[in-house]
Amino acid sequence: MSTALLIEQLLNGLQLGVMLFLMAAGLTLIFGVMGLINLAHGSLYMIGAFACAVVASATGSFWLGLIASLAAAAAAGAIMEVVVIRRLYDRDHLDQVLATFALILIFSEGSRWIFGSFPLYLDIPPLLQGAVSLPGGGQYQLYRLAIIAVGIAVALGLYLLISRTRLGMRIRAGESDREMIAALGIDIQTLYTIVFALGAALAGLAGALVGALQSVQVGMGEPVLILAFVVIVIGGIGSIKGALIGAVLVGLIDTMGRFLLPKTLALILPAAQAGMVGGALASMLIYIVMALILAFRPRGLFAA
Amino acid sequence: MTLLSIKGLETFYGASQALFGVDLDVEEGEVVALMGRNGMGKTTTINSIFGLVRARSGAISFASKQVTSLRPHKIARLGLGLVPEGRRCFSNLTVLENLLAAARGNEWTVQKVGELFPRLNERRDQFANTLSGGEQQMLAIGRALMTNPSLLVLDEATEGLAPVIRQDIWAAIRKLKAAGQSILVVDKTLAELLPVADRCFVLEKGTTVFAGTPEQLTPALQDRYLGV
Amino acid sequence: MVEPILEIRELRKSFGALKATDGVSLDLRPGEIHALIGPNGAGKSTLIHQISGSIRQDSGTIRFLGEDMAGLGMPERARRGLGRSFQISSLAPEFSALRNVMLAVQARQGSSLRFFRPVMADKSLTEPAMAMLERVGLAKRANLPAAELSHGERRQLEIAIALALGSKAFLFDEPMAGMGPEGSKALTGFLDGLRHEAPILLVEHDMDAVFALADRISVLVYGRIIASGTVDDIRNDPEVRRAYLGEAA
Amino acid sequence: MIARETIINLVLAVILLAVPLIAIAVGEPFYVTLSTRVAILALAAVGLNIALGLGGLVSFGHAAFFGIGGYAAGILATHAFNAEPMLFGFEGTTSMPWIWLIALTVCGLVALPIGAISLRTSGVYFIMITLAFAQMIYYFAISWPAYGGEDGLSLSVRNSFPLINTAKPLPFFLICYALLLLAMGLFALIRGSRFGAALQTARQNDTRLAAVGIAPFNIRLIAFIISAMVTGLAGALFADLNRFASPSMLSWHMSGELIVLIILGGKGRLFGPLAGAMLYVLFEYTLGGITERWQFFLGLILLGVVLFARGGLLGLLAGKARHG
Amino acid sequence: EPVKIGVITTLSGGGAGLGIDMRDAFTLAMKQSGNKDIELVIEDDAQKPEIAVQLAEKMIQSDKVDLLTGIIWSNLAMAVVPNTVAQDIIYLSPNAGPSALAGANCNANYFNVAYQNDNFHEAMGQYANKDYKKTFILAPNYPAGKDALTGFKRFYKGELAGEVYTQVGQTDYAAEIAQIRDSGADSVFFFLPGGMGISFMKQYAQSGVKTPVMGPGFSFDQDVLGAIGDAALGVKNSATWSKDLDNDANKKFVEAFKTEYKRLPSIYAAQSWDTANLILAALSKASVKDKDAFKAALKAADFKSVRGKFVFNNNNHPIQNVYVREVVKEDGVLTNKIVATAFEDHKDAYADKCKM
């Protein structure tokens, strides 16, 4: 195994992690701040990807598509909050699970209604196409580097917003006692709509960015939703820092597991079998890690 | 000028009625005491003013504005500051953040609150859920003051405080009163409450049964309504 | 001298740089009410938490009925007879007042691993529970969910639960808080009688009650006991007056 | 006076029994199958309801037990059918009572460590860690080739029960129905018992429970295990109903569906799971017949239920739950 | 009394595109036949085995269908087919062909009109021998994935640069692509159906790795080519059908499909069209009520297949040609054209074990 390969895999892990972070950031914001379990977060991700694909193919510009994805996801989030979510804050988690589960069905079938059942086309913008050379002789896809950069910028921005601004304080205050913050004269309702739209926009951004790497299709949000939940739980719910570190951890573990487990097993098993068993173990790996972390730190790594 | 006026207030929790006709008013610059035994409806009255529970019937007006149909934050913005029963500090915020989150207007500042309660200054960066009971109580008062209310509403604001601190808080209340702050206060300790109050109201089973000056609340009446 | 029931030696607990209890030693003897007073944030509740087992001390020992409590969790200590009330009421909100007390009776009787017999038909649970509610004056509200009780009533319910546990010592954290003058008076009388069933470690800011009840008073300031003695000793201690009592007394 | 809820419960139980009987009489055996599906899903949800409704333990991983029950039936029957010995030379079995016993035991044994680890956490963390365990088992089942992997495991014939012809829809339905009633009886007893009192207190306020001397952890762990076992039993029946066990029984959608059934019917209520299962299967079946977009409308209906019928179907029909 | 045909296919969820093509071609064939005595019962399995099983039961017990067909996915077929044929109902597969149903467990009531799962991969293995010596192979870790790599290896004589099993539903292939880059392979063979293939191809094209890829037609068919985009251009892939296959039945089919649905048909549509026409042909010879006669009529396969020559083997799986196609652009639309024939009259590897 060459060092170039190792470096590339580490970058891959980092990039996967950062992508998960974009998804997890919105989720942890909504989840941690509003105490709301939003299973439909994956739908917002899908909406972002669809909006980007549709606008990009209509205008020929990925960047316009990106703006559209932010706008569409934020709008969908705001509408969702006003019509449904708002009534669920003081309910227990169960009602939230059911309602947002229902929203998944509505969004998924709704998009199929509008866009049909075939995957849409969305490609990387010309500016970011191709690969760059890495020290050590390897190569790395430029677009993935760009995703890493965007993710880190978002992490920083969010962290400052939540921990340093008055808006952030009020949002967190609402998390601990909504009634009280309203009794202090703060329009928590509108504030929550804004936060929700912000979280949604981040999911939409993730969807659009990742959509260019994958197939843009109905249901694309579901697998990443579960991973995003894993991330925020490992990191500690409500913590932006936790989400970032959790995401990178999951990204690295998943990538390295997929890469190294079959190789390691190949030392003792025939190649085909090592591939299967290793693959099976690799897919269980992040869940095993999550269970271990929670067993020792029941509130995640960076409990708020 | 009449700041707050409540007439014939009736409030329900689900199907069970808690208030059966409360009448109460606060003039500007006045300290009014709201009294009554446990469970008679004091907190419910206050929550109704703030829109935290909805009045079923009756009228509540503040600064000559009808508030019964407004949303809680709109009501508070008319100039009402609440120190709720049970403190309800924002547990995941630090002392400083609790104060900043509430800040509105510019007369009261973090610094001024710190002067009123030096203890809070010491614990500025500690999370509210780890404060002692008394510290939380101070924080709740400070937080309400940060909204620069024209009427400060204190629900059991001295509960669980050490005697020296109670004295401090009563002193603070007197200071606020002297500065012209209007205050509606619920408290169990008559010995401390009556001297600062300009007028008192007594609730029994959700209705106003007494309204008058502290002097008019004779020991006999105190025994009858409050069991003293 | 009689053997103390509860013996605390050199208890320490820090939160970061803050020493919440800083070498506290005190004991509780049969039949007495030992009042623990001190400014807000002095560490009184933290001490109660350590004794009852919900917070582990950093060092020091707690012996109850001659047994070291180290390594025992809150449930084990409660089963050995340490009953407590909470500074902020802690109840099962959906259960009626009666069922809240029944739970304590059930716990006192032992096993909760009985899956079949309906509790509401079990007189060995309902009757003692009702009796406790009578004692604290909540019998009329027995069937109301705890969430619908007023603040003061919840405090009374806390006491009823502690009683129903049949504890061999009580740790009461501000039982008077939130009670009206009438309620405080009644509770004072009540605790006065209770001390003969089991001794009480009483944390309280209501000085009328403390002075009326306490056999001994310890004063905790910044995690240290600065004075300990009879009511009169404490009243007249200038340091205590400065740190805690002010003009009261 | 009989409470309104009791009457509604009775009506639900009678409907579920009447539908298959009538269906057989008019020669529409498929409705027997559909009713059996309702009974089995309700049974699984009754199991979950012990943890979730009484104990407040929102397990998002009960599909694990449902699936393990299903695979227990599938694996035992496969070995018996092919006469291949498994562990300790045991030849497998096609007898339902044996399969149930083994499914119950295995689920209990698996629930013990999962519960012991998961119960160290609470709230949302509990939801997620139970999901994590279920996902582990799911991925294991998908990629472990011995019993079909992702393709699942077909049973060639339905397993047998002494004196009853299980291959016929009606007798098999009656078995499931009887087990459902039995499980609901167990639920009712537990709810009213001392254990139930402790368990429900653990949900409302575990500090209180600890303060009276009862360790919440033990109470919850036992509830979790009982709950897993009942759901596992349902899984074994489900495999028999479909003559098929597959990883999708273990998927998080299945866990979600069980939760949905409970909320739809009314959380913590004796008949909540049954009401929920009836409603859900009815929606799924009728909507599916009307439009290809049925999931869209199912979504709308579920949303309507959460927003406007708090307390689920039973909450709507019988009012707020009482806790005595 | 009309003939009732039950169609269970995937019309919702992530894999719906395949089922919709299947259904559309099937209904179109039925419509064009003008046969008024056929009633279709079409239902959505949402790609869930339990639902498929339930639908099969409903169609058999309640709708009393004479024939069942429609399933796209092997795991759903494994759930439905054994029970269906055990109840003496005929099942015709328009797509999935798991190996478990082709060998010892073959059944006289089960006809696979599409392929045995290994076939496309076998063809690619055979074809790869021509140009490549060291291939990197990958597939999802599930039975059809294992069948795929087994099929490839059965005919491929070169060396393997690596053999990787990915997770089902995986969307990010960066780690695998890095391994490919590092492996020194001269070619890549992958089987990743649905969205997985789209993701892989897009990421592969951007990775800077230039090693040529090839795969079974599933990942390069009409339903996904649009989404992959130009990254797919020039890729060789194997299939038993292509839109440019030169026979009358095929021309008619492609025209009809394009006219009716304004899009190009996929493999699934083609196989489903053949299934419908096989049924129609058998119906014209025998009544469905006479099971044995009808099965014999099916087995005769006396219909005009869009794949040209079409014969059933002893195990009721097709003996047919497998082609190698290349992705090209025609009028701005990506599509395939045949460049070679990998196998003539190819049989699957399990037929020997079938005692029919």
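By letter and in written order, the chains are A, B, C, D and E; residue numbering begins at 1 in each of them.
Everything that follows uses one rule, which is that a contact is a pair of C-beta atoms (placed from the backbone, for glycine too) under 8 Å apart; a residue touches a chain by one contact, two chains touch by 3 or more.
Note that the structure is a prediction, hence the values are computed from the model and not measured.
Colleague: If every step must land on a chain the current one touches, say how few steps get you from subunit B to subunit D.
Modeller: Between subunit B and subunit D, the shortest chain-hopping route counts 2.
Colleague: In terms of CA centroid distance, which chain is the most far removed from subunit A?
Modeller: C
Colleague: Going by the average position of its CA atoms, which chain sits the greatest distance from subunit B?
Modeller: E
Colleague: Where the centres are mean C-alpha positions, what is the separation of subunit C from subunit D, in Å?
Modeller: Between these chains, centre-to-centre, one finds 44 Å.
Colleague: Averaging only over C-alpha atoms, locate the centres of subunit C and subunit E and give their separation in whole Å.
Modeller: Spacing between the chain centres: roughly 74 Å.
Colleague: What is the distance, in whole Å, between the centres of subunit A and subunit E, each centre taken as the mean of its C-alpha atoms?
Modeller: Result: the chain centres lie 34 Å from each other.
Colleague: Residues of subunit E touching 2+ other chains?
Modeller: 11-12, 141, 146, 165, 167
Colleague: What are the residues of subunit A that contact at least two other chains?
Modeller: 108-109, 112, 276, 279-280, 283
Colleague: Got the subunit C residues that touch at least 2 other chains?
Modeller: There are none in subunit C.
Colleague: Which of the chains are touching one another, listed as pairs?
Modeller: So the chains that touch one another pair up as A-B, A-D, A-E, B-C, C-D, D-E.
Colleague: For a test of understanding, state which residues of subunit B touch subunit C in their complex under the given definition.
Modeller: Listed in rising order, the residues of subunit B that touch subunit C are 13, 16, 36-40, 43, 85-86, 119, 123, 130-135, 137, 156, 159-167, 188-190, 226-228.
Colleague: Under the touch definition given earlier, write down the residues of subunit A that touch subunit B in their complex.
Modeller: Subunit A residues touching subunit B: 166, 169-170, 172-173, 175-177, 179-189, 304.
Colleague: Quick check on the complex: what are the subunit E residues that touch subunit D?
Modeller: Answer in residue numbers: 11-12, 43-44, 46, 48-50, 53-54, 57-58, 61-62, 74-75, 78-79, 82-83, 86, 98, 100, 141-144, 146, 165, 167-168.
Colleague: What residues on subunit C touch subunit B, complex-wise?
Modeller: Residues of subunit C touching subunit B: 15, 37-42, 45, 87-88, 148-153, 174, 177-185, 205, 207, 243-249.
Colleague: Could you list, by residue number, the parts of subunit D that touch subunit A in their complex?
Modeller: 52, 58, 117-118, 120-125, 127-129, 131-133, 135-136, 139-140, 142-145, 252, 256, 259-260, 262-264, 267, 293, 295-296, 298-303, 305-307, 310
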